Every structure is written in structure tokens, then in C-alpha cells.
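The two complexes that follow have chain A in common; it is paired with chain B in the first and with chain C in the second.
So, the complex of A and B:
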């Protein structure tokens, strides 16, 4: 048995099992027979095993340098270090789809475990059937167009190597997996929505779906932040977000899932917004497919399109299928889910809907900006791209509105506004004004001052809400405030978790405002031994050397940095700036050295060096304030999500069952 | 729905449309070859352009101390002088090689803010005699 054969056979097995699962689910639904459902549940485990075998076979082939397998010959190399080999399955298209399909089978299996329990027997066959159908798509793509295990007739002595951008940083081991966990995770809420619409049970699906969506959302958030960090550490331009099509592909589903998480609370509590919820979750899942289509079809060129292939048309068809099923069903049931009451805008539900509409609009704007080059090309024939300035320009006002709503929303009560709420809002607005004026007084730009104001405003909102709850509890039970806070945090996990997440978002916005406004880039060619004085730093080029490493060759220019004033505080040290040369890449890859500090980040890049005599080197310096806090904010958001999701035994189930407890 | 909500909705939608379409109009980056530039010189003045071509032999001047780089790009038919300061030529950059520059026209000269060469193992530099079509392909494929 060779890894290529094992992988190929198990892929076909997984395809057949998925198709069989789909048939069984359809039978279970149409014949209303629990035995078929039981069989479909069992099949989901078999499919998971088949997919895992196939994935294992790919790892086996890569680790044993079996270049008779096409994927290994094209995307691996015998000289790669072990960790690079382990992550090579998701370094290119075919392997990525295999990972995607593997995760999909795992999610399907988990959903199967819920079938017959919280997922009732009317909805379970439809949900499982939808997930099996999604699996059929992915395995069919692999078996028919993007087969990782094609046999290479004359295996080369060594493979063509892994994309250097991917092996240059360990984050590549983590970021794609998180992204796929998030993308694939959104298929489950979609399946639940389809099941709810087919089975005409419009309320019960929302409780568990919100949970599943939050899981996927948490992974997506972590993936987006790790992606930003990777881009910051590797690409050498000092930024972390370029509105590149593939970045847009990750943010669109995130925005739509965020919209759903907000409107879903209203349905849980008051049974409103059923139509919005079906629409948001369908679009969120469709957006994951749309993103894959965009980045894999080569329709829009992107730095991330490492792995374009013939799968574009397949993904487009799948995208249309998902949209047709989700929105078609929604159109069919729309008369049955008409809202019972009018939406009160000046209440929690109004703020939640307004927030969700902003997220939806934002997603729409990003889609439009991403697709606009296609529109222009079709209409006028000119080839254009939409620059990052467009997205920045649009996201600033949208971001400000969202930060404003984020503060107000949770403060507003579900019912109509009361005097106490007006007092809270007044306090928040004072914080907004004071923060903004403080920023202006310090000589900061209007945008950054506003960001400080909005941060203070949101912090005040969270403080007021927590303090109010603690005060009431400690007074009524006669316990100390600390104990009251502790008990409240434990019993109202969703509420406290959302405070944590909102705090993280406000911090991220502050960090983005500072780092985008006050980034400074300078560059200078230094002779060995020469000192460069700039920005409160003294930068001395020590020498120029070279080093041979297993998978690459590196030119190294160590520099010594001393801070001479407060502006350069925290930058002292010796840094090895380097250029990595990979045999499969014609030009060297700059690897920035980043010195993090609580205020400024100092970023040193070796741009060029004297290749003949080793006399000079060109060093780029980028100083960016507050970037460090962006990573902290990402961590806070993910931890807040984890706090909400953390199971605490019986309480979770009882809270899920009771729509009134959702808060 | 009450009329005041409809008015609010129209205002919000109008502001959004202005923001989006105004922003799109200003921030489009045109991908052109030197020949295309000379067909519509006015259109490309003072806006973001991505221009591609071959570095004409004998025109490349680089001063590593001031980091100023000057050269002429050609698509075999037309030529445009390029000025770039503060950037370092990437490793694969050189005479007779394809290059893509991002920046703006300032009169006759193109001032480059960003200089790109295609990073690809499969990239084959075309033989002598570039055509505008090959240059166009280069511009679209270079990242």
C-alpha cells in the first residue's frame, strides 16, 4: 500500500459515503423513519474516518518524501524542516480542500451527535442532509478536479518546494487551520437554518445555532487576527491589513456572522427578526464559498492566489446553489414568519437591528469594492483595481457609527427608554466629549482624538452596566461588591462575555486609529560601521554576513540600536535583519525584525545589501504606535468568546431552553 | 412604516451611496501600458496608475546613497521615464526585465511610489521584442 493509493481510495470512499449519507437523510425525512436517521448518523462517523485516513495519507506521503504523489512533488521538498512538512497539506489548493473537507466531516459528525436530542427528529435529517450535500461537493471537487494524490509517472528526486512566504513564519501552521475551522463552522448554522425552514419550525433552531455561530465566529476572529499578525511580521511593509481580496474574503463572512449574532438575540428573547436571521446566516455561509471562489479562481488577482486552479467554476456553481437553497426557502416561508409586532428603534432590539444592518452594509461595501474591478472591466474594458484608500475611507464612518451603537445598545433596555438610561447615556456622551477633547489638546489628529473619545465612551458604558448590576446585587443580598461581581460574572456569562468582547473591539479600534495615522517609514543606505540618527534612535550597521540553512540561504546584517530620546524609548538592542533566499524563488524575501513595546513598535527590514563587497546595506525603519495593543485586543476578543462558550454543566442547557433567560 | 423612518432611511442610503460611489471613483487604480497612456494622456493625469513595461537598456541610474532611481520603461512601442525615490530596487529588477510601477504621472515623468517585479518560479522573461500585449499580461499578473 502506498500513501498515494491509500489517499485516493479513501477520498473516493468518503465521496460515496457522503452521497449515501445524503440519500439516507432524504429517506429519513420523507419516510419519517428514525432508522434511516440513525444510519445517517453512523455514516457521518465513517465519513470522518475516511477523510482522516486520506489526510493522514497525505501527511504520510509528505513526511516520507514520496514524490510519486503529485501534491508532494509540486508543493514539498525533502530538505524542508519537519514542522514545514507537517503543515504542507494546507500550503496549496488540493491539500487545503482536503483539510476543509476533513473539518467538514468532523462538524457533520458533531451535528449527528446532537440529532434526536437538542436537534429534534424533524429537523435533524434536513440538517444532516445539508451537511452531507456540502461534503459531496468538496469530495467531488477533489476526486474530479483537484486531486491531491495524482500519480507522477517519473517521480522527481526532489519536490518543487513549499511556498516560501508560508514557510517563513510559524504562524502559517496555525492561521489557515483557524480560518478553515471558522469557514467550515459556518456550514452548521446554515444547515440548521435550512432545517428550520424545511421543517417549518422557526423558533427552536435559534438557540443552538447561535452557539454554533459563536464557535465559528471565535475561530474566524482568531484567524483574522493571526492573519494580520502574520502579514505584519512577514510582508515587511509595516501594515497588517491591505484590503487584499483574500483578506476581504475573510472579513465578509465575519461581518455577516456578527450581524447574525446580534439579531439572533432578539429572536431568542422576543421571537422577532426571523427573516433577518435566516438571511444573515445564509449569506454568511455563502460568503465563505464566495471568498474561496474569489481567491481560488484567479478572477481577481491577489497575493494570496498562490493556488489558483480549475476549481473556480465549481465553487461558483456551489455558491449559486447555496444562495438558491437558502434564499429560495426564505422566500417560500416568508409569509409564515412575518413579524408579530413593530420594531421599537429606541430600545435594545432596535439598536441590535441597527448594528446588524451596519454589519450587513459593511459586508456589502466590501463585496462591492472587491468586485468593482470586474464591473469596470465588463463595462469599459479598462483593467483597474480598487485601492485600499477606498476601503479605509468607507470603513471610517461605518466604524464610528458601529462603535457608537456598540456603546448604546447594551445600555438600552428591551422595553422603552427610562430616565436612568438617559442618565447613563449622558455620562457616556460626556466621556466621548472629554476623550475627544483630550486627544485634540494633546495635539492628536481629529480621527485619533475621536477614537480616544469612542474608547472612553465604550469603557464608560461597560463600567456603568457592570457597576449597576453589582450595586443592585450587593444591596439586595447584603454581600460585598467583589463577591457580587464574581457571582454575576459566573451567572451571566453571555452578558459579561459580550462586555469583554466589546471592550476588545474598542481597544482594537483605538489601536488601528493610532497605528494607521502615525506610522512612519524611513530608509537609508548605511556603510558598515556607520551610524544613522533618526526618530530618537541611533542605528549602527555592524557587519554583513551570510548563513546557510537547511531549506534556504540567508544574508544577515546585524544592527545595534540605541535610543537617544523618549521618542525611541524601548528600542535598544541588537537585531539581526535578514534576507532569506529560497531556491524556488528568484528574489529574496525580507524578514523584518520587530521590536514590540507598549507604545511604539520598531520594525527593521534589510532591503538590499552590497552583494559584491559587503560594504553597505539599505535598512528600512518603520515606527508604528500601539500596534502591540491590536494583538492584545484580538486575544481579549477571543478570550471573551471563549468565556461565553465555556460549558458550565446544567446551567448552559437550562439557559438554552428558556428564551427568557437569554441575556 | 412611519414616514419619519422612511425619510431617515433615504438619508442614510443617500449618504452611503455618496460615500461608496464617490470613494470608488476617486480610488480606482488603472492598469495601463505605455502605449495605452499615450492614447488618453489627459485621463491618467494625477490619479493612481499601475504602469508596466520593460526596463530599457542603458537608461537605468541608481544612487544607493540618495536612494534615487531613474529608468525608462517601454512596451516596445512607446516609452515613459520613471522616477522613484526612497525605494530600493528589488533583487530581480534590472535592465531588459519586466517591471510594474505604481504611482502618478507628473507631467511627462511617472513618479513611482512602489516598484514591483513578478515573484514566480514559473515566470519566463519574454525574449527580445516585447509587445504591448505581453506587457499587459505582466501588469495583470504581477503582485
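So, the complex of A and C:
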């Protein structure tokens, strides 16, 4: 048995099993027979095993340098270090689809475990059927158009090697997997939504779907932040977000899922916004497919694009299918889910809906900006590009409104506004004003000052809410404040978790405002031994050397940096700036050295060097304030999400007790 | 809005389908193709003055096909393109004029680049990229293929591969 054969056979097996699962789910639904559902559940485990076998076979082929497998010959090399080989399955198109399909089977299996329990017998077959259908698509794509295990008749002695951008940083081991966990994770809420619309049970789906969405959202958030970090540490331009079509593709589902997480609370509590929730979930999942389609069809130019191949048309059909199913069902049931009550704007539900509408608008704007070049080309034949300036201009006002709402929303009660709330809002507005004025007094720009104000405002909102709860509890039970806080945090995980997430978002906004406004870039060509004084730093080029590594050749220019004033605080040290030369890439790839500090990040890039005599090198210095806090903020958001999701006895009972009578 | 969902889905599908069917997604059509190449004259960079005089450019009655290559020292694809152009220049210098236009660059950096790659085909210096006003180049590198009569035959945005360059040269020599 060769890895190629094992992988190919298990792929076909997975395709057949998924198709069978779909048939069983359809039978279970149409015949209302629990035995078919049971069989479909079992099948989901078998499919998972088949997919895992196939994925394992790919790893096996890569690790054993089996270049008779086309994927390995095209995307791996015997000289790659072990960790690169381990992550090579998702370094190119076919392997990444395999990873996607594997994760999809895992999610389907997990959903199967709930079928017949919290997922009732009317919805379970539809939900499982939807997921099996998605699986059929992915396995069919692999079996028919993007086969990872195609045989190479005359295997080469060595493969072409892995994309250097992916080899350059360990983050590539993590970021794509998180992204797929998030993308694929959104298929489950979609399946639940479809099930709810088919089975005409419009309320019960929301409880569990919110949980699944939060799982996917947490992964997506982590993926977006690790992606930013990767781009910051690798691409060497000193930024972390460029509004590239593929970055947009990751933010669109994130925004829509965020919108859903907010409106879902209103439906959970008051039964409102059913239509919005179905729409947000459908569009969020469609957006993940849209993103995949963009990167794999060559429709829009992007730095991330995979080589465009025949899969584009398949993904397009899949995208249209998802939208047709979601929107078609929604159109069919729309008359049955008319809002029962009226939205009171000056209450929590109003703030939540407004927030969701902002997220939706933001997503729409990003879609528009991403597709605009294509639209213009259709209409006039001209090539235009929509770049960062457009997105930055629209995201700043939207961001400000969202930060304002983020503070107000949780403070507003579900019912009508009371005097105490007015007091709280006044305190928050004072914090906003004081923070902004403080920033202006320090000579910061208006935007950054406003960001400080909004940070203070959100911090005040969180503080007021926590303090109020703690005060009431400690007074009524006669316990110390610390104990009250502890108990509250343990018993109200959703609320405290959301405070943590909101704090992370506010911190991220602050960090983005500072880093985008005050980034400075300087560049200088230094002779060996020469010292460059700038920005409170003394930079000395020590030498220029070269190093042969297994998978690349590196030019290394070590520098010594000393801080000479407060401006350069924290930059001291000796750094190895380097250019990596990969055989499969024409031009060298710079690996920036980043010195993180609590305020400024110092970023050194070797731009060029004297290739003949090794006497000079051009070094780029980028100083960016507060970037480090962006990574902290990302971690806080993910931890907050984990806190909400962490299973405890309390959560289980609360779910069992949650009202299921809405149907 | 929702009632018309099939329309939205079909519109989106049509847009993407069209986007995928475009024959060459990277191609940038130039309005200049088929028209006379705008004439210009720009100062030559120092190493070429001895052989070609102080200025050079496109003018009527040149009598020789021209490959107008717009480049800059800071442009990374230009680095792979430069040795290729030099090789073709050596091979075809009697039949085709390869003329470089160094744009948006400092003269010292441009000279360093020329020295580094040992470029013997002439390059003029256009530090502020004024040639873009009439030629409308999109980025660097970019190549305009101009036939004997001074008509623009093609415009190529981005790096030229060896096969593409050979194709263009065969096209102008035909």
C-alpha cells in the first residue's frame, strides 16, 4: 500500500459515505423514521475516519518524500525541515481543500452527537443532511478536479518545494488551521438555520446556534489576529492589514457572524429579529464560500491567491447554491416570521439591532469595495483598484459608531430607560470627553485622541456594570465585594465573557489608532561599521555574512542598536536582519526582526546588501507605537470567548432551563 | 428585496462567471494599441551618452522597431527582467532598439542598477515619470512594443518572461 493509493481510496470512500449520509438524512426526514437518522449519525463517524485516513496519507507521503504523489512533488521538498513538512498539507490548493473537508467531517460528527437530543428529531435530519451535502461538494471537488493524490508517472528526485512565504514563519502552522476551523465552523449554524426554516421551528434553533457560532467566531477571531501578526512579522512593510481581497474575505464572515451573535440575544430573550438572524447566518456562511471562491478562481487579483484552476467554477456553483438555499427558504418562510413586537430603540434590543446593522453595513461596504474593480470592468472595461484609502475612510466612522454602541448597549436595560441608566451614560460621556481632551492636550491627533476617549468610555461602561452588580450582590448577601465579584463572574459567564471581549475590542481599537497614525519608516544604506543615528536610536551595521540552510540560503546583516533617548526606549540589543533566498523564488524574501516593547515596536528589515564585496547594506527601520497591544487584545478577545464557552455545571442547567416554548 | 432573491443570486453569479471567463485577467488594454506612439525625447543616463548622444526618445522616422521598457531601480520584477532584456539586446541590437525609461527614481540609484546588471541597452532618465502622462503606464515594469512605422503593437504590464519577450520581438520583426 502506498500513501497515494491509500489517500485516493479513502477520498472516494469519504465521497460515497457523504452521499450515503445525505440520502439517509433525506429518508429520515421524509419518512420520519428515527432509524435512518441513527444510521446517518453512525455514518458521520465513518466519514470522519475516511477523511482522517486520507489526510494522514497525505502527511505520510510528505513526510516520506514520496514524490510519486503530485501534491508532494509540486509543493514539498526533501530538504524541508520537519515542521514545514507537517504544515505542507495546507500550503497549497488541493491539500487545503482536504483539510477543509476533514474539519467539515469532524463538525458533522459533532452535530450528529447532538441529533435526537438538543437537536430535535424534526430538525436533526435536515441539519445533518445539509452538512453531508456540503461534504459531498468538497470531496467531489477533490475526487474530480483537485485530486491531491494524482500519480506522477516518473517521480522526480526532489519536489518543487513549499511556498517560501509559508516556510518563513511558524505562524503558518497555526493561522490557516484556525481560519478553516472558523470558516468550516460557520457551516454548522447554517445547517441549523436551514433545518429551522425547513422544519418551520423558528425559535429553538437560536440557543444552540448561538453557541456554535461563538465557537466558529472565536476561531475566526484568532485566525484574523494570527494572520495580522504573520503579515506584520513576514511581509516587511510594517503593517498588519492591507485590505487585500483575501483579508477582506476573512473579515466579511466575521462581521456577519458578529452581527448574528448580537441579534441572536434579542431573539433568545424576546423572540424578535428572526428574519435578521436567518439572513445573517446564511450570509455569513455564504461569505466563507465567497472568500474561498475569490482566492481560488483568479477573479480578483490578490497577493494571497492560489493558482487559479478549474475549481473556481465549482466554488461559484457552490456559493450560488448556498445563497439560493438560504435566501430561497427565507423568502418562503418570511411571512411566518413577521416580528411579533416592536423594536424599542432606546433599550438594549435597539442598541443590539443598531450594532448588528452597523456590522452588516460594514460587511456590505467591504464586499462592495472588494468587488468594485470587477463591477467597473464589466460596465466600462476599465481596470481600477480599490485600495486601503477607501476602506480606511469608511471604516473609521463605522468603527467610531460601533465603539460608541458597544459601550451603550450593555448599559441599556431590556426595558425602557431609567434614571440610573441616564446617570451611567452621563458618566461614560464624561469619560469620553475627558479622554479625548487628554489626548488633545498631549498633542495627539484628533483621531487618536478620540480613540483614547472611546477607550475610556468603554472602560467606564464595563466598570459601571461590573461594579453595580458586585455592589448589589455584596449588599444583599452581606458578603465581601471580592467574593461577590467571583461568584458573579462564575454564574454570569456570558455577561462577564462579553465584558472581556468588549474590553479586548476597545483595546484593539486603541492600538490600531496609535499604530496607524504614528508609524514612521526610515531607510539608510550603511557601510559595515557605520553608525546611523535616528529616532533616539544608534544603529550600527556590524558585518554582512551568509549562511546556507537546508531549505534556503540566507544573507545576514547583524546590527547593534542602542537607545540614546527616551524615544528609543526598549530597543537595545543585537539583531540579525536577514534576506532569505529560496530556490523556487526569483527574488529574496526579507525576514524583519521585530523588537517588541510596551510602547514602540522597532522593526528592522534588511533591504539590500553589497553582493560582491559585502561592504554595505540598506536597512529599513519602522517604528510603530502600541502594536504589541493589538496582539494582547486579540488574546483577550479569544480568552473572553473561551470563558463564555467553557462548560460548567451552571451552563448546562441554565440551558436545560432556558425557555424552549417559543415554537 | 427578499422576494427577488433569484435575481440577486443570478446577478452575482453572472458577475463572477464573467470575471472568470475573461481571457487574460492580468491584461491591461491600452488605448494606445494600434495608434502612433507618442513622441518624446529625454536625457540619456550618463553611461550611454558617448554612444547615443545627450538625448533619446521616440520620434518619427526612427526606422527601427522599439521595445520601450519602463523600469525603476526599486522595482523587484525589474531585477529579473533586466538581465533578460540585456541578453536580447545583445542578440537583436541591429534589428530592434530596446530603450529603457527609468521612472520615479533617483539618478544615482538608477546608475547603480545599470552597473549591477551591466546593462548596455540605452536608458533615458525620467525622474518624475512624466512619460506616464502620454503613455499612461500602470506600474513598473511595463513594456510598449512599437513597430517600424511607430505604431504601438502591444503593451505588456508586469514582468516579461523569456517566451513573451521572444514573441514580441518576432512580432515586430515580421
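Quick note on the criterion: the second predicted complex is superposed on the first by the 650 of 663 C-alpha atoms of A that agree within 3 Å, B and C clash if a C-alpha of one lies under 4 Å from a C-alpha of the other, contacts with A are read in each partner's own complex, and residues count from 1 in each chain.
What we mean here is this: contacts are C-beta pairs under 8 Å (C-beta built on N, C-alpha and C of every residue); 3 or more make two chains touch, one makes a residue touch a chain.
Here the structure is a predicted model, which is why all the values come from computation and not from measurement.
S.K.: Quick one: chain B and chain C on chain A, clash or fit?
M.R.: They clash: once the shared chain is superposed, the two partners overlap in space.
S.K.: Look at A:397 in the shared chain and tell me whether it touches chain B only, chain C only, both, or neither; answer first, second, both or neither.
M.R.: A:397 sits against chain B, while chain C stays out of touch.
S.K.: Based on the superposed arrangement, let me know which partner A:389 touches: chain B (first), chain C (second), both, or neither?
M.R.: first
S.K.: Of the partners chain B and chain C, which touch A:160 in the superposed model: first, second, both, neither?
M.R.: First partner only.
S.K.: Please indicate which partner A:312 is in contact with in the superposed arrangement: first for chain B, second for chain C, both, or neither.
M.R.: Touch status of A:312: second partner only.
S.K.: Classify the contacts of A:369 with the two partner chains as first (chain B alone), second (chain C alone), both, or neither.
M.R.: First partner only, chain B.
S.K.: Between chain B (first) and chain C (second), which, if any, makes contact with A:381: first, second, both or neither?
M.R.: Second partner only.
S.K.: Quick check for you: in the superposed arrangement, does A:523 touch first (chain B), second (chain C), both or neither?
M.R.: A:523 sits against chain B, while chain C stays out of touch.
S.K.: Look at the residues of chain A and decide whether chain B or chain C touches more of them.
M.R.: Of chain B and chain C, B contacts more residues of chain A.
S.K.: Going by the contact definition given at the top, which residues of chain A touch chain B in one complex and chain C in the other?
M.R.: In the superposed arrangement, which is not itself an observed complex, chain A uses residues 301, 383, 586-587 for both chain B and chain C.
S.K.: Mind pulling up the chain A residues that touch chain C in the complex?
M.R.: For this pair, the touching residues of chain A are 293, 297-301, 308, 312-313, 316, 319-320, 323-324, 327-328, 330-331, 334, 371, 374-375, 377-378, 381, 383, 586-587.
S.K.: In the complex of these two chains, what residues of chain B are touching chain A?
M.R.: 5, 16, 19-20, 23-24, 26-32, 48, 50, 64-65, 67, 86-92, 117, 119-121, 123, 136, 139-141, 143
S.K.: Please name which positions on chain A make contact with chain B in the complex.
M.R.: 160, 301-303, 345, 361, 365, 368-369, 372, 376, 382-387, 389-390, 393-394, 397, 523-525, 584-588, 607-608, 616, 618, 620
S.K.: Can you check the complex and tell me which residues of chain C touch chain A?
M.R.: 2-3, 5-6, 8-9, 12-13, 15-20, 22, 25-26, 28-29, 76-77, 79-80, 138
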